[in-house]
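For reference, the structure I am asking about is given below.
Chain IDs A, B, C and D follow the sequence of writing; residue 1 opens each chain.
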C-alpha cells in the first residue's frame, strides 16, 4: 500500500520493507525481553525506511504491561548495557549532556523532560566540590530545552548553546516517539547512534539533533507513547484493500482515507487511558538505565549523593 | 450501517437516527454558541438512541478552540442559565450535592474531580458559622468518589452514603463523556435531567446515578473529552462501504472492523495532543457555570469568601 | 516552659514529659532504622501527653534523607511487619478499608490521598471476578474522602457511609502529621492502634476517626511532613529563657511569643524546599508497606494483577 | 540588631534602614493596590541595602488574599503599566526574551517556569509565518533554563546561549523571591531594572542575570513566595532583645539564634498551607501582566492566536 505510515521505530519501518538490501537485523531474547539490533548501512535503504544510516537497538518487554516486580529493573539494566555498548563505540565520553526533548505539559510528549529531572547530574559538583564525589565519575549535565511552540526558539539552538558552553563529548537525547502499534506504547525502548531526525517524535522537531548539527556524537533514546490516529484509519483501509481485492482502486482509497482523516482526525493522537502512569513508569526505566550506564560501579554512591 | 457507535451525547445519537418519532429538538444560536434542546419522550425512541427519557441540552461553541478572551465567561453564563432552567423544573433545591465522577489520575477522565475542587462549598459554613455568609445562600457540598478500579467500592455506594448523610434535594453529577467527533472535545457541554446512565462516561460507570438509584433528582453535566478509537475504524469502514458500493457485504466488513480494532485498539482513546490544557479550560467553564447558577446574585461575595 | 507545643508524634510528646507514670517505651534498632514502641496505659498520662491510650510505634530512619537504594524497601518491610503485629492483635481482618486523609491539592497534606492511589484494591475483584485472584487474598478497598473545607461534608461522615456499605473489620487511616522537629520530616513513620484524634494532622480533622466513632478498629499510619511555624518561635523563646535565666519572666515571654506569632505566622507551616519529592518518596514507602502487610505471600502476584 | 535578615524586596530592605541617604521612595495607592517606587542612586546605600543601584517598583494588594473577582485583572494591568514604564526607559524593545528562573518541581520556586508556560511567544511565528500575526507585534521568546542542581549547568550560561542566538534587545527575568513577612506571600509583585542579583531568589542563583553579565538590559519581576525559617527565629530574638533590654548581650543572643537555627531550621522555608494555589494565582497575574505589556493593543488578538 502506498500510504506513508508514520513510525519512529526502525524496527517497524523494516517490518514494512522486510527484504530491503542494506539492512541487517539480529534478534535475541533474554528473560522476557526481546532485543532487535538493526544496522542500516546503505543510502538507498535509509531513504526507503525514512531513517538515517546507523545502528538501531530495540528492547521490547511485553510483560511490562503487567508490571511484575523485577522487570522494571531488568529492563533498566539491559538498557544500560546496550547504551554502554553504543558509548564504547564512541570513546571514553567523560562529559555527557542529556537532552530531554518534548513538552512537559503534554503527557505523552513529556518523557524527555521528566527523564532529565531524574538523571543524576554531577557536572557542577565536579566543578565546585569534586571531593564530594566517589572518585572520578563522569561529568553529567541535563537540560530540557522545551519545544518551539512554547519557547519561540528552535530546540536545536538552545541545545547548541549548552553544547558550546559544556563541551560534552557525548549528547544523549531522550524523546517520546510515535509507533504504528499501540501495543508497543508501554513496552518498548529504542536506542540509536544516529541522533534525532527532523520531523521525528510526538512534537515533530523541525531540525535534527545529531552529530552533523551539533558537532558531537548523539545517541537517541526513544519510547513510543502515541500512535497517530491517521495510522488507524490507514490500517483499516489497507486491510480492506487486502481482503476485498480492491487493490486496483488505490487512488480512490487514498482519497477516502484522506477524507476520514480530515473529518475526524487532524493532529489527533491515540493513547491508552492509562497514559499518565505509563509515562511515569517509562521515565523511571529510562532514567535508571541512563544513570546505571553513566555511573557504572559508582551508581549507588552517586544516587545517595544526588537523588 | 449496523455498527454500534459509542457516544454519550444525545445530540449525536439523534444525528444517527434523525427522523425517529418521540424525539423533538429545538435549536438556537447566540453569540457564537449554538444550543440544542432535545426532549426524548417515548420508550421506543429512548431504546433506539440508547438514552434515558428526559431533556438534553447541548451547548456548542466551536470558537472555544481559539480561546477568545470573553467566550469562556459567556459559555459559563449560558451554562448557568440552562442549569437554572433545569433546577427550576425541580424546585427550590436549597441543599445541593455536586458529584465529580471519573479518575483524577487519568487526564481525560479527570473533569469531574477537578470541577469538584473548584465548586464553592458552603454546607459546612452554613452549619458552623452561618453569619459569615452573605444571606441565605444554598448549602452546597461536593465530593469526588473515585472510580471502582481505584477504590474497590462502587461509585454509586459512596455517593449513596453521602446523600444519606447530607440529604440534598438535588444532585449535580459531572463527568467526562465520549463523543463521536473529535472536533467536539474542546467545545461542547451537555446538560440533562436524566442523570448518568450505566456504562456512560470515559470510565464506564457500572451503575447509573439517577433519581431511581439515589431517590433524589439528578442533573448530569458532561463534556466530551475522548473519542473511542474504535469509532474511527468504524467510520472509515462506513465511509468505504458508502463509496464503494460494498453495502451488500456487511457481515464481512463487520469482521474486518473487528479485526482492525482487536489488533490495534482495545481500550484505546483518541484525544488532541493538548488534552491537558483542554481539561483545565473546560473545568473552569463548568465549575464557574455551576457556581453562577447555584449562588446567583451572591456569586461574587461567595467567591471572595470561599475561593 | 508552659507553651503548648504542637506535635502529632507520641514519641515527641513523651520526650517533653520523660518520666510520666503510665507510659512505657521500648527502643530497638535494626540496620539503620530505630523503632520506638510506646504503650500509653493510664488516663492521666494520656491527658498530659494529649494522646489517646493505646500503642504507638515509631520507625525512624535518618539515612532516608540520603535515599540509599535499599533503605526504602527495608523501611517498607519493617512498616509491614509492625502493621501485621497490630493487625494480629485485632483478628483475621479479611476485609480492610484504607482511608487517605488530607487535601490532595496541598502538597504536605496530600500523603493520605496519594497512598490511597497506590494501595492495591481487591474488594471489587473478589466480588465480580474472584477467579482472577491468586487464592483467598484480603478484600481491600481504599477511599480519600477529602477535607471539610473542600467537600462541605465532615470527613468522618463520608468514611462512615463507606464503612456501612463495605463493612470492613479493620480501617487503616493514613494522614500527614505535624512534628516538633523538621529533621523528622523525611525520615519517620508512626503507627498506632488508637486511630486519628480530633484536631490531629496537617489539616486539623474536626472529628476523631477511631473505633468509637466508626464501630470498627482503626489503625492510623502517619508521617510528619510539616512543623508549624509557631513551634520555631516557641523553641527560640524556650531556649533563650533557659540560657538567660529569664524563667521568672514567663508571662512576659508568653506575650512576646504571641506577638511574633501573630505578626509573622498564623497558619504558616515550615517544610524543606524538597517537600514535593519527599511526599512522593514517603507515599511509596507507606503504600508498599500496607500492600506487603495486607497481601503477605501473595504480594507480588496481586501487584502484577492490580498495579 | 546586627543579624542579616534575608529579603529580596528592596522595600523591605529599606524598612530596615529607613533614613539612608541615596535612597528615595514614592508611594501611591489606587483601588486597593499600593505602589512603592524606590530609586537607589548611591553606591554606599546600595551596599547597605544589599541591592544593586536602580529602580524598584513594588505593587502590594493585600485584598488578593480574598481573591475578589476583579482584582486579579486590575493587578495584571497595573503590572503591565509599570513594566511598560520601565521598557520605555530602555527603548523600543522589538525582540524580548522572557526567562523563567527557578525549579518547576519545587512549588514555591516554580513561579518562573510556570510564567514562561503562559507567556505568548511569537518569535517563531514572526519568523516562519508572519502573515498569521495581527500586524507588527513584538517577537517574544520564553525559556525556563532550570536550576544548577538539576541541570549541572549554570543558569546564566544557558541564558547566555539563548541570548546569543535570539539577540533580544530586552530580557525579562521572572523569579520567586524570599520576603521577611509571610503576609506578603500572596499579595506582592516587585519589578526592577537592575536584573537578578547573585544569591537572590528561593533557589539562590549563583550568578547575577543582569546587563553586565548578559550585555542586554534585564528587567526582573519577582513575587515573594517564601520566608526563610531563619527569619522567624531572628525576629523572635530581636523582639526579645528589644523588650527585655538585653541589647548589651548581642553576641550571646547571636549564638543562641545560631543554635536554634542549626537545630531546627537549616534550609527550611515557611509558606502558607495554600502555597500550591497561591503560586497558580500569581503565575496568572504575572503572565497576564507581561502579555498585556508586550502586546498592548494586539493583546486580545495574539491571545486568540497563541493561547
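FYI, contacts are C-beta pairs under 8 Å (C-beta built on N, C-alpha and C of every residue); 3 or more make two chains touch, one makes a residue touch a chain.
All values derive from a computational prediction rather than experimental measurement.
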Seminar exercise, completed: Rounded to the nearest 5 degrees, the rotation mapping the CA atoms of chain B onto those of chain D is 180
Exercise. Is it true that over half of the residue numbers where chain A touches chain C are used by both copies, so same, or is it different?
Worked result: same
Exercise. Approximately how many whole Å separate the CA-defined centres of chain A and chain C?
Worked result: 41
For this session: Could you tell me the distance, in whole angstrom, between the mean C-alpha positions of chain B and chain C?
Result: 38
Exercise. Using the touch rule from the top of the page, what residues of chain D touch 2 or more other chains?
Worked result: 105
Exercise. Line, ring, star, complete or other: which one describes how these chains touch?
Worked result: complete
For this session: Please name which positions on chain B make contact with chain C in the complex.
Result: 104-105, 116-117, 121-125, 139-146, 148-154, 157-158, 160-162, 164-166
Problem set entry | Interfacial residue positions of chain D with respect to chain C in the complex | 105-109, 181-182, 202, 227, 229, 231-233, 235-237, 239-240, 243-244, 246, 249, 252-253, 256-257, 259-260, 263-277
For this session: Spell out the residues on chain B that touch chain D in their complex, using ranges where they run on.
Result: 66-69, 300, 303-305, 307
